[in-house]
Each structure stands twice: as structure tokens, then as C-alpha cells.
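Two complexes follow with chain A in common, the first pairing it with chain B and the second with chain C.
What follows is the complex of A and B.
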């Protein structure tokens, strides 16, 4: 097996330029448009106040602000936990989806929530199979705690997470019949990707996890059912005691490239990253012993992300579209109905489609989901519970953008990554004609937010 | 002139609202003390409306004369003054009919009908009264009347008898009074024995004499309903009362319940073993053991019946109770639910069979599930049988004394009920965190906003003392009476 140090040498051939920091004097103005792009990619959008604050900072300071959240984050997190505990009393995983939707709308650390959502798709676990809402919540806490923390720590915890093992039908794992589900997903979906392991590796790795059981909703190591004989994984022979096998999988050279690829696709592009893009980020992961912050910071600061050529090139997920819309207007809404709508659009929180999570990118969009997106936005804007900056939607739009010819253009600047051309604006301006000012403003916003351009971020 | 004076001179002697379904005509009459003031008010109103006219708009007020009376049409409203009455209607036909009747008199006036005169006699001592011609409403509905059978078993149990009345009663009189103690509302209809259906004898009782029992004395009661319902008869008549799909569900339930009751016929043998009167009691519960407090705190509830043959039924029901708890434990264990432990408790003349949850060693779950609201209990005292969701309520009910029979102007009270607002407020307060969380998530409110709104709701409830309901009848008249009493000021800060 290639050692991790091989990655360093591979990336030392000038490829690191790809992730050079964005420089406002050379690469473009650090203005409202670019900050909106940053928060769209890193933070589900932001209201006018935060946008203004970030524009006034240097790019590096603005990104640090996103990476660390607000100073009152601890208090905010404890309030969030209290709300979750109250919701858990219902025992319904669907209510948990409503709770998370509320968190996404109101969080003061949106980058951490974005990363939590990303890990939820990575270590996909669904309420359709795991009906214990508390187990799902505990996994969610684990993902949030390590969202910008350490991938090794997170993977070790996931290996013993009750919700994950229930989801993978691995509540029992006896040495006589090793359950291969977790071993297979650990390599294929969580750490390495297809083509980097053999079927024999799966069988041998599965033996390492025998005796790992879930009883009464908790992890239990049953030493009598653990196979403590010698195994051979990626050519190394060992008994792999405790959880050493997880570390050995993470030591595979494909592991940092696999995680780096997913991080780049999260923030930068829907396309498969090139080797030049992959290697430096993979190297950072190895260099910092799987601490995620340096890699994420490098991506967020980069010209590759913040440059003009990247703006408006990624298909927005339903959460990006809907939560982004609300957060851009300091909005609040009925989170239960919103969670249902997200599910209709193909992104039910706590209900990923399968163990692979969401494919993302272009797969978000098809005739059915596009229609659901338009309908969902319509329902959201028409819902009495929806407020923008504590005011009814139409009233807020009228007060902030007015009703003149420029209003649609100003609204488009907030909503869209790419400015529509004049013909599109003229067509959209005709929407809602004959209605009162506020109703017309809502109708125009609906048309704009549901337009093809709004699906890109 | 000040506003209170204007109101007195314009409408100080009362108001009439009438609706005529055929033309969908609405008529409002204001009886004042001074016709001149009424006329000034009409003229001021007309001036105001005309001030709102823009540009070349047509005059928004059209004036006409009908039988020497000036009639003004403003939008859809027709307004005129006759003596010290102002009349407002939305239909020409209604307005003309009224003026004609006032000028010429009429034999076909509502006031000449016996039903209306009876209603007027009933209503004249009350602050507000109204009369409705239900026969006309039924005719208006045509064939879409009240269906013979329902799919709603709970609804049938609660108001099945009222559906019988709604099919036949020709008119309805509503009266309302407000005083220092609160608000009283009453709906009065004629009553005839032939209007009660044979299928609903379970509801009305033999010869319509089914009498609800007196109320039980229960502390922290949230709601109590006392009723006459022969459940055995209802079960056996399900085919006459319910739609086919519901009857199928009854059949399925019969099969399951007969298994649980060791092969006994559930409708005939089990329900038939109880007297046809009972109590439904809902009460706030308190939690003494901090390790067993659920996050959502539900009120406890219970049914209380008298057994026809306590010596035979008591032991049989105890055995069935044990079987049922065993069954619940086995099925619950498959879903990882905690188990119920059984024990007995007894006093001089009562005994309880209790099934309850116990604290689990090493349990570290943050949220205590909703199961912990329940400690199913079966209680006996003489003929009395209590089936309760908690041992706490069962213990109270098994020894609770019966109060006095409800007083009523009629001689049979079929159903009585009370809702204690202070207890309702306390139950909501027990679940304040849940309500706040629900408001945050479903209304998008911040914690501060949600906390404030829930606080206002609970505070508002504490201003009301209780709502009582009594449905009673004699041979000629049925009455549904609701009294809402306001909490005394000293207690309003609860």
C-alpha cells in the first residue's frame, strides 16, 4: 500500500497554486457580490447586516468569522439543545427534521451547520429505518461536534454509533457470521471510494468489527463474539485490536483524496476535482492528522472558490435554495411545513434516500423536483407564518426594494448568483401585474426564486 | 354629544338581527330612544360616504322613497328610519316586506306564529335572544340533510341524541346572559318523544328517561362528563348507527376483544355487565418520582361505571387486566419499550390492580418517553368499577363521593359536563416548554416571542373559572345550557 507521505511528494510539483488565496487587488473586488457568493457556498446565505459586516472585513477575517461563528455560540448551542430535547419528547424523527430546519434558519454558525449537513449526507442514516429519534439526534450531535473538527475522531465515533449500526442492519455481529455491511460502507462510502479495496479486504475488515453490538440503544462490545484472530487487510497482517482497523483504513492513500474530493465538491464544484485540486487538500488532511479546519479554511480562502469563474456554477440543493432564501432576508417560517417541503424536493432532513446519501449536483434537478421547488417556494412565500425581518413578506419587500423599475434588479442581486439579462428581467417584471403592491412583490419574488437561474449558486 | 349618549339614543332599547334563508336576506333593526338622533346619524353617515367619492365617480348613495319613507342605498345596504327604529337590510324584498308589514299589518308575520311567541316569552328575560327556523334551514339544505349513519364513533357517543333532534325540531331559541359571574348560553328547542329514534335508545334511555349520574368529587379535575349511554346496546346496534366501514371495524374489535376477554362476547357479556350510566374524568396528574417524569405531561383520564353483578365481574375483569398487561409487555418489548410491573393496593372496601413503570437502572436517555404518563389501573369499590390511565386518578375515583344530582328546569339531565379552566391552565403550564418549542418551530418565532405568547395564553385561561354544560329535557322541551364563569379577581393572578 502507498504510504500517506507519498501524497506529499505528489503534490509538491507546483499544483498547490490552485488553492492560492484570493487577492482582492488582483483577482477582483471584495464586494457585496463576492461576499454573497461566499456565504451562499459556505453559509446558506446571509441577511443584509452580516453581508455588510463581511464586506467591511478583509477576506481572511470574513472567512475566520464564518469558521468560528459568533461569540455567543455556546449559549446559542445550549438553547438549540434544549429545543431538541423538547422535540425529542414526541419521539418522532419527522419532528426532528423540523427542529433541524429551524436550526438551519436561525443558527449563528451556519458554516458549522453546512458541514453537519454535509456529514449527514456522508454518514447517511435515515429515520425511515432508525425510528429511535433520540439515537438520530445523538448522531446529529456527534456530526455537529466534529463538523469542523477531526475526521478520524468522527469516523471512530460513527463506527460505534447506534443509529448508524441500526441503519446498516449491524446491531448484532457474530464471529461465526461476520456482518459485512459496516466494513463495506466504511471503505466504499465513508473513507476510500470504489476501486480501492478488494472483496477479501471487506471480509477481513468485517472480522474486526465482530462483537460490536447495539443493545438497548447503546453500543456494547461483546468480547465472546469478537474474532481476535489474525486478519490481512491491504496486505498488512495483524489482529487489529480495538478500533485499529479504522485507523488502518484511514491510513490508505486513497482516504485523504476521497475526503478532499468530497470537501471540494461541497464548496467549489459539482465536477470531479482534478488531481491538481485534490492533492494539496489531501495533503493538508494528512499533515494535520485529519483535522478538517486547515483544509476547509484553505478552500474558503482560495481564488478557486472566490474567483469570478466559480460564481453561479453549482446546482443548489433544496436546503441551499430554501434556507438560503430565508436567511438572505432574515426570514422565519413554519419549520414543520418547510421540512415537509424539503422532503418533497428530495432532501428530507434525517431521511436521506439511502446509505449513499444525496448524490448532489445535477441530480438535484429533474422535472418533478423542479416543479416541487417552484411550488415549495410559492407555499413558503404565501404562508402567513413566513416573515422577512419579522414583517409579512410583501410588506418587507415593498419597504426594502420599493415598487419601481429597479426593484426587480435589486431583488435579483440578493436572490441570484448570476444577474439575469434585461429580457428576462422585463419578462419577470410583468409577473403580478394588476395586483396590489405587496402581492405583486411576492409574485415577482416567487417567479424570480423559482427561475432556472435561481437554481445555481 | 358623547358616544355613550349617541349609542343609547340610537340603539339603547335593543337590536334585532333576522335572516331570511330563501332570499339570503339579512335584516338589522336598532331600537333607539330618540328618532331625531337616529336621523342625524344616518345623514352623517351619508355625508361621510359621499366625502369618500373620487373624481367623477357616481354618487355612492342612492335615495328613494317607498310609501313616504326615505330609503338610502349605500353599497349593498338599504337603510331607513321608521319612528325610533333604524332598519338595515341587504335585500329590497326584505325591506319592502318590512315596511309593508309596518304600514298595513300582516297575518303572516313571524310574530304571529305560536313558535315565535313561545320563543319571545322564553327570551324576554334575557340580555340577548334569538330564534331560528330550523325547518326552513332543512328545506334549504334539500336532500343534503343529516345522514342516517355516521363513521364517527366518538361523535355518535357524544351527540348522537342531538342528531335525532336536529332532524325534527322546527325551531331553536338561543338566549344569552352576562353578569358579574360570567356568561350563560342556552339553546332551547321543543321536544317530542316520537323524534327520538329507536336506534338511539342507548343514548336516550328507555322512554327517553336516561339520567346522567351526579358528579364525582375529584381534585384537580380538568374535565368531567356524566352521561347516560347504554354501551352494550350501542355496540349491538352498531349496524343501525354506523356506516359499513365503521361496522367492519366494530367487528374486528369484537374479535380481538373477545380473545382478550377469554372468549366472552364483548358487546353482550362484558359491556352488558355495566350499568348504562357512567363518568369520563380527565384530571391533571403530578409526578412524585423525579426519575419517572415524562417530557410531555399528559393529563390522566378514567371511565367510571357501576357493575350490574360486581361479584362475578370483578374477578373476571382483574384476570383480563392481568392478561392485557402481559400482552402489552410482550409486544412492547419487541419495540424496546419499558415494561409495566403489576401490583395490588387495597383499603377497607376498595382495591386496585396497578401496572406501572419503574426507573430503569443505568438509563441515561435525555427525554423520558410519553409512556411514563401511564400507569394503567383497574379499581373496584362495591359496584363501582374504575378504569384509569393512572393509579393516581384511580385511587381518587375509587373512593370519590358522588355530588348532588344536577338541578335543571327540565326533569331529565342526559349529559352533564364541566371543564375547569384553572386545571387546564396548569396542564398547559406543565407543558410550557413543549408549547414554546411548538410555537418556535411551527410559527417561526424566537424563544422570547414564543415564551411571551404561551404565557399570555395561560394567563388568559386563568381568568376563566369553569365552563359547565347540561343537556336536559322534559316531555315538551329540550335545553342545552352552557355556563362560563369568570375567575374571582383575587384568583386571576394564578
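What follows is the complex of A and C.
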């Protein structure tokens, strides 16, 4: 069905802009269901109080609220820092995931945290190779500081980041034998995408990074090992002094489209964006000199994101699923056990599968990860350390939803993007039969959260 | 067996006497006195003793110079080419094995026709349109746990399309169907594999590595009579850009140790003649070592076949060490010819539709 209004607004500009803002009443109601959809896509999930606040705001104000977050709380910050210090003192990168999981559960700026996780997948660096926990932690702070900041600034910082250079075997990089690894990944995975450069470009760009070294955990420029001769990259001849080569890669027309594509896939769709979707976001990145906020704001405000047809069209990542569940109930949990379960579900924090990061979409799903999701949710809900709004899980569920026939349907509205039909709800409600109130409520929630539709976001 | 990261073929099947090899590898070359001789010119890396034994027994075939035209030196792109048999421009979701599964009744098979044993995501070669291919991290973890396991299995297995007036259609409905089908297949595979492994017992003789553990599980699944045609495992870490010597030795030890033990296991249960083990990597490495005592991404490399019915010994010549393509070995055998051989002569399936073209079969197997 096409509404006359939609036709008019599309023809007014000559062509329809896919990123036109969502207009309540024209495009659909600004209600709890839509706000939950926005929060699932932008901020994992939110408790009842925040959902209510956002419903009462205008869409623009609600989105500004998510883009700004709320100021950190001193006690939360000091607890987080103390946890980080303990883990860094152990020197074990495997334990860092527990700290980040704690951040994800407790942060007062979940959108920034979601972006930080996105950049971790983009500039993937793994603790299997970078055994220095401190270096990984510092890189994580770098990504968080620029998460909604400037992509150019972030790329320059990553090019000199000790954890990244260790990960890409570029601790030493001598003039006589340039290491191609960082140069290749800078173009293939960080800025341009495969097919937008030649092998000769890789070899020439690699020369620009000779003499870039890590000494005692810090970046150092070794001018004796730097090749300061002329290079030819994408047809331009220059010596490309300092980090000029990074800017030259970012000046390639494929760069803004590449980053736009990843941002759209983060928030909107698992499919490859169309040219109509790519161009306006790429233009915003160029127009604002790689500042990310205008592009992210445009995506979040759009009818493309907030419209009914987008709800439930992404496969939720393990972090989206688990952290979303906890945040929807103002929950807390044992971060260390949770980090282990996220890894089993295929999303080990600080342990991306390789330099390409996580592919996302349907690749999250296979027989093993589905069983791990179901088992991990069971362990989380039955863990004594897990609290929903400071109360034991079963107690909270009973107080909020009761245990009548409709309780699972009400829970589904909070937890799922797509409501299961009555037959499915009845089948799920049969789990935990024969047990008493709170224990039964937990078993039913386990079934609902592990069900196929719960994996959609 | 997928050797991920780009195995250094030159230091696996070593042209130890060749001057160009010795000159290109000042720190990484392996001397004639150390190699395990294949013939007068070539030898296996000293860490490959179990492979040398298999070669001796006529159970190892080495296909030399395998690759493809216009090699891509990106790990992901090159692995995608090996997985899909398509270049980027005309690539769908499915892999060559996934397409073959779909075309040969995989969706209706009682046991999964392909199983991936690994903790990472499903390799693209196994991705099918309608055939479910489970990934199994470890068999103990591959089942629902806790006191609700049985009730959960029932509750999660059913199919339903969202039948609410506000429910979206199109993309979300397709995704919901995918998730319901995947969940049902996961629970069914979990049940079958649990039943298969319940009857088997632990087997001695495997080294204490993850890869060996996986192959031991494959051995038990074969012994239990699962009708699965393809088991897929991966050993990652071959991207040896720096300090290659020790890392590569360790990887080859893991690979050949696990493979040797698996062949012995198969012989003990009388299934060696029913099994062929294929080991490949997305590319070889550059002939000249780099400044970090490592090697960068290359092109052509050897591929390995093991089992009771492989044609043992070397197949094809070693690629020239002096006539190079941008510093890399040139291929002479298209990897899709190896695939065609396996599809037609081993699996008994039509190769062309799976590979997207006709490729000549090679005399790599004995009837």
C-alpha cells in the first residue's frame, strides 16, 4: 500500500532520499514497540523507566539522548577502573573480556559502547597474538574515545597503535623488506574494501610505513629504516612523508562508501546496502570531514531504520542478545562467566576470529552457536549472581508479569522484536511445568529467550 | 582439512637442493640433511614424519603447483575463491560443497551430509541453500543442558511463522524461517550425534592437540556409522609473516601428527579405504623471505590427499623457482580440477554445477 503523502514527498525532491527522517503519525506511531526497536538497534536494550522516558520525548530528542548518553556515575567508574587494574595486574588478555562485559552491562552510554564494539570488529586486534593485556586495553580506550568521534583521527591513531602493529606483525618494518601486512589491511579491511587497489599499491604503500616500529610497548619512528623515496599510490607520485599516506588512502573515493556501508550494516540491515543508501551517508562523512556523529544521527532518525518493515530484520549478535536482555531488565550479572559464554556463542571480546572481525548477520548462526545461546541464557538466568533490578530473576519476573496465561506474551513484548504467535507461546510456556512460581517463570523465560524469534533484532 | 592463513608450501615440500630456493630463504631454508626425502630433489619438512610414513605406505598423494589464474593475495578473498569457486563479482552465499549437498539430496538426508568440527564460524565452502550443516565445537557442548533440556527441545523444535497483525513480512519473515529451520536442525543433529558417540569408546594414539581431538571425534562418528559424507576441520595460524621457523614447525607437527594418528585410527576400524583426507590452504607464500624472518602472501602451493585409496606420491612438477609471477610460484593445476576429481570419483556427484564449469578430473585416486 502506498500513501499519497509518501508519493508527494518523494517527488518533491525529484528523487526520494532513503534517509528521510521518520515522521510519527505519517510513518507510524512513536510508541513503546518502536522505541524498543530503536533501543535494540542503537543501545542493546533499556529498562522500563528509560523506555517510558524515550516514548514521551520526540524521536529527535530521544535519539539525541541516546547519542549523548548520561554522565558516568563516580561509583560505577571507580568499580570499573578497579576491575581493569586487577585484570591488567594479572597480565592475562583472556580476562579482559570480563572487564568489557562489565562495561557493557553497566555503562551509562550504551550507544558509545556499541560503537566501540563495532570499531573493535572493524580494527580487529586479538589477544591470541597480542599477549600484552595493557596494549589491548589502551587500544580499547582509543576506540571508545573516538567511537562517535572522527574516523580519520581514529585511523591515524590505529596506524601507530602498538596492539595493532603487533597483531599485524609490524613491530619492526625495515626499508629493505617492507612488511605488507598493515598496508594491505589498511586498504582491504579498514578503509577501502577489496578490489579498490592493486597489488602494486600494496607494495608502494608498504614502503610508506617502513621505520614505523614498536619499542618497549610504544610507537617509534625509526628514520634510518624509513624509505623516504618517491612512491606511486593510486597514480599519484609523492614521498608521502609522515602519515600522509593514511590521508591519501582516506581521500580515495571508495573510502567514505566503505565506512558508510559498515555503519548502515551496523544499525539497519544485514544485507549489502544499495547505492541509494550508500551515497547520502558517504556524502555526510565527506562533508563533515569524517566526523561520525552526523552520519550516525541521520541513520538513527530515518524512516529506513525506524519504519515497521525494518523491525526484526537483523540477526542479533551474542552481545546484542545477552547484553540487550540484561539491560532490558536493569540487570546485573557475573561479568567473568558471561564473557566466557559470549566467547562460546562466537563473540569473544578481545578475541575476534581474525583481522576481518566478525562477519555478522546469518554467520552468527549455526548449530553449535544456537545451542550455546540456549545454554548460555539458561546459565545466566539460573546464576545466583544475576539480578533484575536488584532482585532475584524469578522474583522480579513474578512481580512484574505474574504467572497467568498472558505472562509470557507480556514478557515477549519486552524481549522480542517479533511477537511469536499464540501456538508458539503456548509451546514455550510448557517448559518448567510442574515447578512452582519463580522457578517456573525462569524456565519459561529461558525458553522464550532461546527461541528462534528471540534471535531477531 | 583447511590450513588457514596461507601455508608455506615451499617449506613443506622443500626443493632443498635448488640454488634459487637457498638464495631466497637465507634464514628460513631447510637443509638437505634435515628434510625427509620424497625423491632426489624434494623432501618434506622434518616436522612431517607421520606424513613421510604415510607416503612410504602409499597413503599420501602430493599435488604440486595448485592454485588458480590471477591469484588474489588477500586471505579472505583467496579463501572465498577456494570456498565458492567464484570470483567476487559473481559470488552468491553458497560454497562448492554446499551446492553439491543441495544438488544431491542433502536437505532430506537423515544424518547431516556435512559436519564442521570447529569453534569458528562455518567455512563458506559448506554454506548451502537448503542443507543444514552443523558446526560442532566439542560433542559434550553440542547439546542442550540442564534439567529443562528435554522440555526445551520440544518447545524450540516447532516451526511457526509469526501470525500477528503487526508482524513484519518480507525480510523478517525470511529470517524467522531461517532461524526456526536452523534451530530444528541443530536439535536433530545434536540428538543423532549424541546417540552415535554414546556407543563409541575413546581411542588411544592421538597427540594432545585440539586438531587431533577433533579428528578422533570424526573417527568415532565414522565408526558409529553416520552417513555423513564430508567432515571439515581447520587448523589456523599459517599466516607466518614474522619469526616463521618455530611457528611453522609447530603447525606442521600439529597437522601431520593429527593426520598420521587419524589414518592409523581409520586403518584400525577398517575404514581407511573409505576415507580420503584433503589438506589445502588459501595460498602459498612468497618465494623470498621478508625482513622479519617470515614470508608474505604468495600464490601456488601443494595440496595433500591421504587415505587408503589415494594414488600415492607426487603429482605434477614442482613449480619453477625462477619463472615467477610477481615473486610468487606459478600454478599449473587448477584447484577446481582437484575438486572435480573428488566430487566425481569419490562422492559420485556431478561436478560441473557445484563448481560452475567443467574441470578436468585428475588421476589422484585408485579405484
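Note that the second predicted complex is superposed on the first by the 427 of 457 C-alpha atoms of A that agree within 3 Å, B and C clash if a C-alpha of one lies under 4 Å from a C-alpha of the other, contacts with A are read in each partner's own complex, and residues count from 1 in each chain.
Simple rule for what comes next: contacts are C-beta pairs under 8 Å (C-beta built on N, C-alpha and C of every residue); 3 or more make two chains touch, one makes a residue touch a chain.
Computed from a predicted model, the values in this text were never measured in an experiment.
A.B. asks: Based on the superposition on chain A, does the combination of chain B and chain C result in a clash or a fit?
C.D. replies: fit
A.B. asks: Regarding the shared-chain residue A:195, is it in contact with chain B (first), chain C (second), both, or neither?
C.D. replies: A:195: touches chain C, not chain B.
A.B. asks: Which partner does A:334 reach: the first (chain B), the second (chain C), both, or neither?
C.D. replies: After superposing on A, A:334 lies in contact with chain B but is clear of chain C.
A.B. asks: Let me test your reading of the model: by the given contact rule, A:87 touches which partner, first (chain B), second (chain C), both or neither?
C.D. replies: A:87 sits against chain B, while chain C stays out of touch.
A.B. asks: Tell me the contact category for A:105 with respect to chain B and chain C: first, second, both or neither.
C.D. replies: first
A.B. asks: According to the stated criteria, A:184 is in contact with first (chain B), second (chain C), both, or neither; which is it?
C.D. replies: A:184 sits against chain C, while chain B stays out of touch.
A.B. asks: More residues of chain A are touched by which partner: chain B or chain C?
C.D. replies: Per-residue touch count on chain A favours C.
A.B. asks: Please compute the chain B to chain A to chain C angle from C-alpha centroids in the superposed arrangement, rounded to the nearest 10 degrees.
C.D. replies: Once the two structures are overlaid, it is 80 degrees.
A.B. asks: Kindly classify A:446 by the partners it touches after superposition: chain B alone (first), chain C alone (second), both, or neither?
C.D. replies: second
A.B. asks: After lining up the shared chain so the two structures overlap, which partner does A:242 touch, if you call chain B first and chain C second: first, second, both or neither?
C.D. replies: In the superposed model, A:242 contacts neither chain B nor chain C.
A.B. asks: Just to confirm the geometry: in the superposition, how small does the C-alpha gap between chain B and chain C get, in angstrom?
C.D. replies: So the smallest C-alpha gap separating chain B from chain C comes to 13 Å.
A.B. asks: Determine where on chain A the residues touched by chain B overlap those touched by chain C, and list them.
C.D. replies: Common to the two interfaces on chain A: nothing.
A.B. asks: Please name which positions on chain A make contact with chain B in the complex.
C.D. replies: The contact residues of chain A facing chain B are 79, 82-83, 85-91, 95, 98-99, 101-102, 105-106, 132, 134, 216-217, 331-336, 385-387.
A.B. asks: If we count contacts the way the header does, which residues on chain B are in touch with chain A in the complex?
C.D. replies: Per the stated touch rule, the residues are 294-296, 336, 365-370, 433-434, 436-437, 440-447.
A.B. asks: In the complex formed with chain C, which residues of chain A make contact?
C.D. replies: Against chain C, chain A makes touches at 33, 168-169, 171-174, 176-181, 184, 188, 194-195, 199, 202, 269, 271, 308-315, 344, 346, 353-354, 356, 359, 362-372, 374-375, 378, 382, 417-421, 423-424, 427-428, 430-433, 443, 446-447, 450-453, 455-456.
A.B. asks: Show which residues of chain C lie in contact with chain A when the two form their complex.
C.D. replies: 72-77, 88, 116, 119-122, 132-137, 141-146, 148, 151-152, 154-156, 158, 160-164, 166-168, 170-172, 175-176, 178-180, 182-183, 185-186, 189-190, 236, 241-242, 290-292, 294, 296-297, 326
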